[in-house]
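You will see chain A twice below: alongside chain B first, and alongside chain C after that.
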Partner chain A sequence: MTDEPEPGLELTSSLVPLFVITNGRSLPPEHAYERTTLVSASQDASDAEARTLSPEARQVLELVTGGFLSVAEVAAHTHLPLGIVRILLAQLEERGLIAARKPIPRAEHVDRDVLNAVLDGLRARFGA
Partner chain B sequence: MYLESGVSTAVKVLVVGHFGVGKTTCIRSISEIEPLSTEEEITEASVGFDDLSGTPDKTTTTVAMDFGRLTLSDEVVLYLFGTPGQERFKEMWEELSRGALGALVLVDPERLSDSFPVLDLVERFGLTYAIGVNRFEGTPDYPLDEVREALNLSADTPVVRCDVRDQQSAAQALITLVEHLLTLSD
Partner chain C sequence: MTQDALVWFLVALAVIAIAAVWILSRRNKAVAKRKAEIEADLNQQLSKADEQIVSLTRELQQFKDEHEERIRQAEEAAEESTKAVLKGSARFLQSLAAEQQTLLETIQRKYGGHSVLGDLLEVSHANAQMSRKAQGIAVVCGAPLGRRNKPASVYDVVRSAMGQIRNFERVSIMQQTGFALKASAVSPVALAVAELLDNAASFSQQNAPIEVTFQRVQKNLCIVIDDAGVGMSDEDRQQATALLSGEYRPRLSQLGNQPKWGFPVIALLAQQYGFRVDVTGVSRYGGVRAVVLLPEELWTMEETTPSPAETGQAAGAVGNVTRADSASRTAHGLPRRGARQIPVASVPDRDTTTAALPEPGDAGQAAGRSLGAFQRGTLSGRRLTVAPSEGTDEA
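Take a look at the complex of A and B:
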């Protein structure tokens, strides 16, 4: 018995269960689910549809049934790797089970209104 | 745990710096939630790294990335992402820097040269930044213009002293960054 892995074997063991979780789906383009994209279960998500999901997808759906969270928070609370969460969210959105609020695309100049809201919010909160 | 239902605009600021400079402490001081972390995989060339995987070219490592959250109005929420400053995280930087308002760069005045790779990444990804000179127990307050000179900063880059364990102080460093961003958006 040797510790040397087989030469030419690309997959590591951890990839196999992840592959199963996502039904073999590949990663969507990263910008589809930025870590600051906000997600929540759709109002009209049907239980029947949810029953056909993988346990991990159902776990994600149940989490966001309570309200909006960022993609990063979904990954943190479910303890699933960020990359997997992105794929699961894409599946859920495709089936109409979640709604997503995408972050504003990067503009040439950051919106002054947003910056002012951030500054006012910080000053109000920290009294500075 | 959940965001207020009216919150529709999520923005982010990166809290960056070398290992041990106080990124997570800073996020903990100002976040409204207990800092959370995401698990993510980074792929790196194994040349120059300890390679136990047996794969010849690349190795995959899982890293934990800490972040925090601040709801700033009925509509706006700010996420703070702790971002390690090593070159090997550059793929992650590419994604994290996209759409970021800017970066708060934390530096240790006694280890300024450790911040060079961090500043290199911040500039490469075109992030506007402010420098927070973190105060460490038992170290003197270095004059800020010496820090500015040692880091070779441009004249308009804000440099502030802070103690990231203190909420007010950490928040003030963040406010300095946002004020700077506003000045530039004129």
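Take a look at the complex of A and C:
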């Protein structure tokens, strides 16, 4: 058997796959951690707890320490897919390391009657 | 007178007796001589026969040896041809699995915000396990291992190994070290650790923990894997030691119906890349303690801790951006919104993202930079090879 050096193929995928970064957890429910949800590190997050985190989770925690960042921004900074960031955030919140603030809900529909009343008033005032 | 007669009689008797004795002794002598002759003859024949037996035995032995040699050669030839067939197939699977892994990663990034990501992660996990099996078979059959061209922290190498087994959630890495493996050692060590983790997971309870720790012993770096399984019997231990030391190399046909590739793969990798593996230890849970011992040629002291940036595609830029960002906060400690100053995700202009660190409070410069970014954007748009076919862009 000849031992000519055969070139091994080069592995181009990243060394640590994404499912290991999330530790095999599934995505949080659809409404949790939307793109515009603001997250911030909680005040009482202890360093000891943070030290056992994976490097990616720690990076997310560092980003949101001392202020609020939106989920989309965290994803952009870490260059991780949004879903992965959402899983990491869920994990961090479970351990009490971050707090999430829901985005401000959209304005409710304005009452049609009021609008009609205003229209009527305007018509009465200026004449249609 | 009677006296004379008696004397003569006695004399005659004596003469007869003497004659008889003489005749008898002569006869005796003749018999003895004949006997000696026959004996000598027989002895000669016996030794001749002995010689013949010896030479025949020798011939028989030679024949037997030749026969055995031929069987061995035939077996080896069969083994080699089986390996060659298997090697070709395994290489094909190996490269396909690697290609698929890269492809899956691209898709995962593309649909990162979609709920399909969860399923994609599972597919990717299944593919990573298939890739491990294909690589193991390829190694046993003499094919080269897929290689990586960047050094990586030993922490990340173990995480990579974790991804290649089924229930990796059970594995916890107890430390994050600053040791890095050289590029050439990354994939072999990852594969060997994956096989050890797989063993640890298969020979212990479903939810029992598996712990990985790192230790530096003199000039060697050790990856220690502790499981809470049933441990090994003395016989198993001896067999494992023989397999891992390369003393005993099983043929493919000896691997069994549910082939046990693990130890043969580890043994070959260890021999080819110069590290050692020992599984004779007892873990703190009474299970098996497996130790991968990496000599100093395979690792270095890493400058940075395991970097999360490794996971990003624009790996080089990420670390710098985030570090710069954590430094630039408003007076109230709020992080500045990166998008205004640094085009984080939209403009993939790596040099400027790393170079243009914003100075807080300088609005003029920021405005200039954003105009600059705009200009770069339009410039890069004009450089596109698919040049606008209708009219010039100056118009």
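We take it that the second predicted complex is superposed on the first by the 87 of 128 C-alpha atoms of A that agree within 3 Å, B and C clash if a C-alpha of one lies under 4 Å from a C-alpha of the other, contacts with A are read in each partner's own complex, and residues count from 1 in each chain.
Throughout what follows, contacts are C-beta pairs under 8 Å (C-beta built on N, C-alpha and C of every residue); 3 or more make two chains touch, one makes a residue touch a chain.
As the structure is a prediction and not an experimental result, all values here were calculated from the model.
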Would you check which partner chain A:Q59 touches, where first means chain B only, second means chain C only, and both and neither mean what they say?
-> second
Figure out whether A:T78 sits in contact with chain B (first) or chain C (second), or with both, or with neither.
-> second
Return first, second, both or neither, reflecting whether A:L119 touches chain B, chain C, both chains, or no partner chain.
-> first
Take the contacts of chain A with chain B and those with chain C, and give the residues found in both.
-> 5, 7, 10, 12, 30, 35, 66-69, 73, 75-77, 79-83
Touching chain A in the complex, chain C uses residues 80, 94-95, 98, 101-102, 104-105, 108-109, 111-115, 117-118, 121-122, 124-125, 128, 142-150, 152, 155-157, 159-160, 162-163, 168-169, 176, 186-187, 190, 305-314, 318, 321-322, 325-326, 329-330, 332-335, 337-339, 344-345
Along chain A, where are the residues that touch chain B in the complex?
-> 4-5, 7, 10, 12, 30-31, 34-38, 66-70, 72-73, 75-77, 79-83, 101, 103-106, 109-110, 112, 114-123, 125-128
Using the touch definition up top, name the residues of chain A that touch chain C in the complex.
-> 1, 5-24, 26-27, 30, 35, 54-56, 58-59, 62-69, 73, 75-84
Residue ranges of chain B touching chain A (in the complex, touch as defined) | 1-3, 5, 7-12, 30, 36-41, 53-55, 60, 62, 67, 69-73, 75-79, 81, 95-96, 98-99, 101, 167-168, 171-172, 174-175, 178-179, 181-182, 185
